[in-house]
Amino acid sequence: MDDTALRPGRSATRPAPPAATEAARPPTWALRLQRRLRHGDQTFTLDVDLTLAQPHMALVGPSGAGKTQTLKLIAGMARPDAGRVAIAGRVLHDSAAGFSLPARQRRLGYVFQDYALFPHLTVRQNIGFALRRGWLNPGRSADAPQVERWVKAFHLQAIVDHYPHQISGGQRQRTALARALVTEPDALLLDEPFAALDRPLRQALRRELLDLRAEVAVPTLLITHDDEDAELLADAVVQLQAGRVVSAPEGVR
Amino acid sequence: MDDTALRPGRSATRPAPPAATEAARPPTWALRLQRRLRHGDQTFTLDVDLTLAQPHMALVGPSGAGKTQTLKLIAGMARPDAGRVAIAGRVLHDSAAGFSLPARQRRLGYVFQDYALFPHLTVRQNIGFALRRGWLNPGRSADAPQVERWVKAFHLQAIVDHYPHQISGGQRQRTALARALVTEPDALLLDEPFAALDRPLRQALRRELLDLRAEVAVPTLLITHDDEDAELLADAVVQLQAGRVVSAPEGVR
Amino acid sequence: AELTVSAAASLNNAFQELAPAFEAAHPGTKLQYNFAASGALLQQIAKGAPVDVFVSADQATMDQAQAQGLVKREQRRNVMSNSLVLIVPAASTQPPRSLGDLAQPAYQRVAIGLPASVPVGRYTQQVLQAAGLWTAIEPRMIGANNVRQALDYVARGEVDAGFVYATDAALVPGKVKVALTVPTTEPILYPAAPMAGSAQPELAQRFVQWLLSPPAQAVLARHGFGQPR
Amino acid sequence: MGSSFSGALVPLLLTLKVAGWATAINLVLGIGAGLLLARARFPGRDLLDAALTLPMVMPPTVLGYYLLVLIGTQGPLGGWLLQHFGIRLIFSWQAAVIAAAVVSFPLVFKAARAAFETVDPQLEDAARSLGLGEAAVFFRVTLPLAWRGILAGLLLAFARALGEFGATLMVAGSIPGKTQTLSIAVYEAVQAGQDDVANFLVGVTSLTCIAVLLAAGRLAPGRVLARG
Amino acid sequence: MGSSFSGALVPLLLTLKVAGWATAINLVLGIGAGLLLARARFPGRDLLDAALTLPMVMPPTVLGYYLLVLIGTQGPLGGWLLQHFGIRLIFSWQAAVIAAAVVSFPLVFKAARAAFETVDPQLEDAARSLGLGEAAVFFRVTLPLAWRGILAGLLLAFARALGEFGATLMVAGSIPGKTQTLSIAVYEAVQAGQDDVANFLVGVTSLTCIAVLLAAGRLAPGRVLARG
């Protein structure tokens, strides 16, 4: 497999499939993931096999079903024991071929369930984190138009200079969301991104996400416990239970 | 003010008001809290004044309104600049009288928005934490009936020996809830306790909470963004905005 | 009974060998040695260390002890002597034949005990000053913290020459060559004295005297020490 | 001095005793000072921190000299002990413990302070709200979470105590079987030109140190993550 | 030896130069070794960790002797340097730097390892998924989060380097104005019974150390919490 072909330059026309595609019209999500987590004599086995044409997927299921683990495997933060990950035809991981892109080259926007904000950086620095290349963090007053855009969109103006431990749960969640969106990723992986938000804010942010997707057609994988979220933001709902896909309807639910 | 009188022994008949009450029938929640948080030239001012007869209150409001701060002040984890806190007639703090119970004597069950589980202890040790007196943590296999009860009620059997970083977001939240309930507190302060749970689990836990309250009449203050939570679990909904109470209806909403 | 003897570090080997003989001659007595630089020994004694006998490597330190009333001056004895030697690495092809040769370019580095704190350095400085060579040699001096360090430098060929005691040079015969025995302006004599505060004044005095006995002197001679003159 | 193993056994045991006691003392004092400086705010805090680091900066012999002045029979502490309890510290193994403890104190103190400062205060709040008193919070939450960093400091302190001889020699002397530790024996062997004895003793010291460090490694908990 | 301030100035400057360089070297080597042992898994890791702590356990004079054997003109490293580059390390201030660096290395290494082990790996994952390479992740996330612990180690190492003289004296000799550091001067004054000179020099050393520690305290970030 040609490594270079798999890492096409960031194309200006985003929706167009990258250079090396699989078929004429690849599915947006082509996931085959196996992983066993062991702790003492307890094991949790994740075994997800899923192909989905729709760009926007909601991943639902009970607590501990393996939703977060699935996202981490897709993002390259953990290695599957076996499997293959392709998004819109771009292969990110293929155990059989011994191929695996490092997390940093996957160009995915990831919002962590517990935010994972950088505690030593202010809200503004967190959001601008990926824009600054090189070995230095963005300055405390570094300003970029993309940062400003999301700060405004997510109503974070009042706290841009706060550190993560100085802001509320919902503010943290929005900061994490903004940090991921700023990079203009090829796909979004969102782990309960609205859980800490009240209804009006939740609605406002859904709006923002929909607007974004109208602008650039970025596929989303959204973990949520909120039916409305799934309904409004996803074309397909996939249900996970005890590490396996139990229902993956074709078409909108 | 007599210090001893304010710290009555744990009475067996829980709903009965403790020894030193204020009036014949004290309100469940009598809160007056002022605190200013400064960061650079930004200030956030919390100024809550609230008296509520109903035992079960939901605290709602936009992200950053001051809900979590209010809870921390009630729990004694931060000091108000000025104010007074009394729950069911038991005075926990009174700036004017120069009186303030330390957090550990307030006998409140607190569920943190980000769980604050002890990372060096297993789920079982976390839940049994408060049962063990003295300077040692409960053993990894220490068993107590109260712990078992909540482990079962919250479906945590499979992961009792896991450490917090080895469990899912929802599992963490349930562990935090169990840890607070095990102490049989005088009142419960819950900061979005169901946010990371899927619908069936959320319903099951609400049930558990209602059952508990039917058994021992423990007042609850619940921060939530979920209208159903508020409806089912609270007798009164208080809305906070920019640090102030903007609506506190008497009676059920 | 235990008799604690604080002795200059350079006496370590010889005194270890002396112990059984003294203990045999004085049944029931156990010798306890405490070795360190003479200056450190004096400080310990001055601060109340429970010592019975003090054996210094130089007169100056013992003089100080005496001035502070720490030793019994009337029982102070010089118990052995040593000599200053100029040594060169064993591999050295042209050893100096006189002190004056040290001024030649071949001797860029000369190991000398630090005159301020190491007795052997003080003797060396006196000799070189008397010979009018100090100003020429001082810039080439590699200061050593004690005699042993100077010896190591020479033995490892890191310096071109060095000043040590004859007893030290005898420790590593294969690695250093004695080029010259240097007559010192004052003789190198090791004084010993019982401590004024000793709990066993008699035994302490007997040890000092025993050091001058033929069997003790024989052992000391084997380690390169001379008779006290 | 025997170059046989049995010759090294007495100083080895003494050394372990001295280093063990010194480390135990620093376990208490270092953690106490580290906690104080990590948590309490008071004027001159930084200055106190710097001052407590000074034993590290002084040449051990010099430190030994000052200790000698302090605990010698003429000194304020030593004199008081002698007068009231008839205890003569100087030239005793206890003096060696004091010297080793003073020399290695900053290692534990600094490590403990840094470790305490990375403990999330919210976890301590959680423990308080669960009814724990301050001591219990410390032993059940703060200390376990800071333990990894403290242990690193303790191991360094133990190693330092094993290797200490400058200050020790000054206050405890070098009396074989009584105060002659391994390091002092090594030093003397080097001084006396007994290179093989020195190498042998250094070998024993190093092996002992490695063994103790490996054993202590077991005391470290598995990787404890910062977040719950 | 002058007891005036100007008499202390030359050794003071030399001492600062030596300790500064030694600390700079350990900044790189200690952090590197600490990172390696905190992150890489390989057989013998614990053994390597213990071995890297050994410079701490050896009496400095003995360590100095081994260093002399290594970097002396007859030694393997020193001989090689002399032959191929004409560099003679021994009796130079660079030799003093090497000695001070070796003696204080374990302080930085241990502190760095413990600090790196408390950094939440999820934060590093977050940085990677934001497109950062491993080096950038290290400099922008790992290092800042571990910095407080590392700094504590560096300060101790600097203090130790200031106070080091046993090993230094051995490989650098004591050449006034060239390799005579403050500690060596102090030692000599104590040995020679010049208490006032010694006290004066100890005062200068202590003040210098305190000044440096206070200044370095500014380098520590505000209390960085473990959780975001």
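Every chain is named by a letter (A, B, C, D and E) in the order it is written, and numbering of its residues begins at 1.
Criterion: a residue touches a chain if its C-beta (ideal position, glycine included) is under 8 Å from a C-beta of that chain, and two chains touch if they have at least 3 such contacts.
Just so we're on the same page, UniProt names per chain: A, B = ATP-binding cassette domain-containing protein; D, E = Molybdenum transport system permease.
Fair warning: this is a prediction, and the values are worked out from it, not measured in the lab.
Both chain A and chain C are touched by E. Touching chain A and chain B together: no chain.
The two chains most heavily joined by C-beta contacts are D-E.
Put simply, the chain farthest from chain E by mean CA position is B. With each centre defined as the average position of its C-alpha atoms, the distance from chain A to chain E rounds to 44 Å.
Computed centre separation for the pair chain B/chain C is 78 angstrom, with centres defined by C-alpha atoms. Averaged C-alpha coordinates give centres for chain A and chain D that are 50 Å from one another.
In terms of their C-alpha centroids, the spacing between chain C and chain E amounts to 35 Å.
Residues of chain A in contact with at least two other chains: 114.
Among all residues of chain E, those that touch two or more other chains are 65, 120, 122, 187, 190-191, 224-227. In chain C, 40, 43 are the positions where the chain touches two or more neighbouring chains simultaneously.
If you check each pair of chains against the touch rule, the ones that pass are A-B, A-E, B-D, C-D, C-E, D-E.
Across the interface of their complex, chain D is touched by residues 72, 75-77, 102-110, 112, 114-120, 129-130, 133-137, 163-165, 172, 179-180, 183 of chain B. Of all residues in chain C, those touching chain D in their complex are 4, 6, 9, 12-13, 16, 32-36, 40, 43-44, 46-50, 146, 148, 151, 168, 171-172. If you check the complex, the residues on chain D that touch chain B are 120, 122-123, 125-133, 135-136, 139-141, 144-145, 221, 224-228.
Note for the complex: chain C touches chain E at residues 37, 39-40, 42-43, 64, 109, 111, 114, 116-118, 141-145, 149, 152-153, 156-158. On the chain A side of its complex with chain B, the touching residues are 37, 39-40, 42, 60-65, 67-68, 113-114, 158-159, 161-162, 166-171, 173-174, 191-192, 195-202, 225, 227.
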